[in-house]
Amino acid sequence: MPDWLIIRTFWDLTVTGLALGSIYALVALGYTLVYGVLRLINFAHSEIFMVGTFGSLLASSQFLNIPLLEDGNYPYRAGMTLIFFLVVILIIAMVFSGISAVLLERVAYRPLRGNGDSIGAVALAFLTAFIVSLIFIDDTQVNVIISLVLTAPIAYSYLRIFKRGRKAPRLAFLISAIGASTAIAEAVGVWGTHGRDQYQTARILEKKTVFNLFGTDVRIDYVIVIVGALLMMTALTLFVNKTRLGRGVRAVAQDAETSRILGVNVDMIIIVTFALGGVMAGGAAMLFTLVYDQTRFNIGFILGVKSFTAAVLGGIGNLKGALLGGLVLGLVENYGSAIFGGQWKDVIAFTVLLVVLMFRPTGLLGESLGKARV
Amino acid sequence: MSEILLDFNNVTMQFGGVTALSEVTLQISRGEILGLIGPNGAGKTTCFNVMTGVYAPTIGSVTFNGQSLAGLKRFEITKAGIARTFQNIRLFSEMTAVENVMVGADARKKSSVGGAILRTPRQRREENESRERSMELLKFMGIADRAHNAARNLPYGYQRRLEIARALATEPQLLCLDEPAAGFNPAEKQELNELILKIRAQGYTVLLIEHDMNVVMKVSDRVAVLDFGKKIADGLPDQVRSNPDVIAAYLGVDDNAS
Amino acid sequence: MSTIGNAFAPVRDAFDSIGDAFHRMNQWQKYSFYAIVIIALYLAPFWTDIPVIGPIVDTPGTQFSTVLNDQVIIFVLVALGLNVVVGLAGLLDLGYVGFYAVGAYVTAILTSAHGNLPWLLSLPIAVVVSMLFGVILGAPTLRLRGDYLAIVTLGFGEIIRLTAKNMDWLGASRGISNIKKPPSIFGLKFGVIDPKPYYYLGLTLVLIVVFVLHRIEYSRVGRAWVAIREDEDAAELMGVHTFKFKLWAFTIGAAVGGLAGVHYAGKVGFINPDNFPLQLSILFLAAVVLGGSGNMYGAILGGVLVAYVPERLRNFADKRVFVFGVVLVLMMVFRPEGILPKRVGDEHKKRQRSSQNEEVAQ
């Protein structure tokens, strides 16, 4: 292989690695925030990302009415229209992910903290009625009608059970998260219009080369991903460090019990934490569809595992760690697959994690959301 | 002076910039009850943690029975003969009382997976020994009536005493009690005093960290006082009680600490 | 209305009272109870022939005894092994499928791809190799705490699968076929069509594993595991060599997982990397926690449920995974300790009575 090719490949790999790493980092923030505050692996966070990609999809196809192809060409937009469309898609993806993250917390985690409320009770009641009715009649519309009728009485009694307020063991949270993750992905796989098949998203951004880096053409979408991710992360860091709610997040991360005694509304802070993680995942989802133009019901799983790896690699609970871990993982994967072959990509990622943890058992930067070195 | 069991030689312990212990020298003789007191944050628990291998001292050395504790793992220190209880109770809550004590007794046993699968004679003998010894200890501590209850369901006083039983089960030469009277009423404290004396009568050496001056002064043969990580007094209870530095430390008189 | 909300209560009470009845039995009654259960289990392939019960238990779409062996036995074995790691020692292992794969692959390699050993001889070798992998994974990683261990084990499971997928020597994505069958014994022929002999073999393996694990659990080793799970620092300060016992938990768990893999490979005769996805690890963990983490019999029940229920509910085939997810959440919300939690101590009867009083009072 001639030298110039290696160099060129190197920069090429660096750019794509950084772009992929930025997406990992954004998703990793969600794991890290929730872990920092609740000491919980939010296993279902991957599905929050997935919901975000479907948010982007709906935004472009339904709200903005962009077709997949216009006269056989991509529906490229330019100038202010493009920016407006991208921002709309971004906001809708964030709203989708943010709301689903908050709902997830209410339904799958909060009742386990011995603290369930009416929203969780209603959702769980509906789901209970739904799956029970499914055993007798397999017709979604009928199931939904039956479930809606039964929701109120079941929810009423669930609330009474919640009042007894028992905190579940740690493992239970993880299993609940796994259950929620499975249910969300499967719900999209079963009831989505394309079922388990792939969905294309409209490509409104023409993927032109914007500049040349050491002989490598750098495409506009990669630039947007990297810059966009950095902007979102900066915004998050400012929020956590400079606002009252952000201080609350740090306080709860450091010591939930003391914060509660000092008058911090811990439940509120937990909702904020999930919402922040969700919004970041939504941003990641929008950037993901921008680069790959597609999504699927199970798209979250592997990406979630990788992002969680990134969070641990950087030091879970540490916002800077999520960024560093994401970028390192993206780069390592890219360089590694260039050297050993693409099929070894995940092996390389996990091996690097293993080696790093052996020397630094709490990740590259250590855990420290509470210690405010964010 | 009789044989020195534990020699705490010029120990300094720093965490980052904070000095928790500063040049503390302390000896414990075999068979005595040493009371270690001091205001909150004086370094008592740090002292304990250095002794039981939770922390390695920044400077200085700890020798036990003439053997240096440097480099020993925590479980090795237990096997060397130091056992402890915890200030905030740390029982194995999903195990029964007797099982908790058996974990301690198992420290001196050898049989492992192979023995367990084959139920070798040695394994059965060791198992019986552990069980009998643990039941004895529960009786000794006066809590045998709830030997088969889960530790988390025991009343507070039982849990405190179960911790002592568990520590004794490791067959220590030195038993370190970290605020064993915390949360006790006067009657319970009186019982505890008697218990500590009973334990010593069995030949154990006891190091007692305690907030409650009454408990310490009544049972200790000797009392050492820590303040801001320094040892400020060491002597008979009565001497220490009238030591002006100690009074100052406890009454919060200015001690040039700032 | 609260009767609907307490829909789980009768189920819970039923399990609790079965447990109580069992605890009241004397030694002789217990042994007869075991004997009856074991005989009934060996006759399980014929349950479908019993009137009334038959149609209830029978699985649509798949032969009942195939489900018993290929799903239920495998899941029960795996749940037993994983229960040691997660339930007893409290080590969160998300890559347990790796050991299952190692067991299956060692048998495949030795009996087909690179050797000609009989299945029976490959069994001990595969178990030992699985244990070795347990040590290889455990030795560097067991110093990590809780959730770090979880992600590392998850990575381990993936590394095993991807290595198998990408190495020609391991059959790559084609997999390995023509794996030898177990030897015929007692007139049982291990062929292709009849799954019953495999089920009998599998059940025997389960019983042996239960026997061995029971002995380990009620020994110094088992106590050390639970102590580590409850409070690792306190355990170490009470003289427990925590690293050694954690490594043992990993190794024994790996051995049982490997054994399950050997049994699986012997039955299907053909394996490929897609048989060992990451999701399977998560199902295994769900089985253990659903049944009752820390209680061997709970883990068995969890394994049976996770393996059997989706097969039974084939009539809404495409929605059963969704249902499974929702059921997991509901279970954790309303009975987070699992269906059959471990009973600690002898005061549970008193506790049950007082909790009933509590409900009356409300």
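The first chain written gets the first letter, and so on, giving A, B and C; residue counts start at 1 in each chain.
One rule holds for everything that comes next: contacts are C-beta pairs under 8 Å (C-beta built on N, C-alpha and C of every residue); 3 or more make two chains touch, one makes a residue touch a chain.
The shown structure was predicted, so the numbers you read here are calculated from the model rather than taken from an experiment.
*Asks:* Which word fits the touch map of the chains here: line, ring, star, complete or other?
*Replies:* Contact map by chain: line.
*Asks:* Taking each chain's centre as the mean of its C-alpha atoms, which one lies nearest the mean of all protein C-alpha atoms here?
*Replies:* So the chain sitting closest to the middle is C.
*Asks:* What whole-number Å value describes the gap between the mean CA coordinates of chain A and chain B?
*Replies:* Chain centroid spacing, chain A to chain B, equals 48 Å.
*Asks:* Taking the mean of the C-alpha atoms as each chain's centre, how many Å separate chain B from chain C?
*Replies:* From the centre of chain B to the centre of chain C is 41 Å.
*Asks:* Between chain A and chain C, what is the separation of their C-alpha centroids in Å?
*Replies:* Each chain reduced to its C-alpha mean, chain A and chain C end up 31 Å apart.
*Asks:* Among the residues of chain B, which ones contact at least 2 other chains?
*Replies:* none
*Asks:* Flag every residue of chain C that touches chain B in the complex, lowest number first.
*Replies:* 212, 215-216, 219-224, 226-227, 229-231, 233-242, 248, 252, 294, 342, 344-347, 351
*Asks:* Taking the complex as given, what residues does chain C use to touch chain A?
*Replies:* Per the stated touch rule, the residues are 1-6, 86, 92, 140-141, 143-145, 147-148, 150-152, 154-156, 158-159, 162-163, 165-166, 278-279, 282, 285-286, 289-290, 293, 313, 315-316, 318-319, 321-334, 336-337, 362.
*Asks:* In the complex, go through chain A and note every residue touching chain C.
*Replies:* 35, 39, 41, 107-108, 111-112, 116, 124, 127-128, 130-131, 134-135, 138, 153-154, 156-158, 160-161, 166, 168-169, 171-176, 178-184, 186-187, 189-190, 301, 305, 308-309, 312, 316, 341, 343-344, 346-347, 349-351, 353-354, 357-358, 361-363
*Asks:* Okay, in this complex, where on chain B does chain C touch?
*Replies:* Its residues touching chain C are 52-54, 73-75, 78-79, 83-84, 86, 90-97, 99, 102-104, 106-109, 111-113, 115-117, 119, 123, 126-127, 130, 148-150, 153, 166-167, 170.
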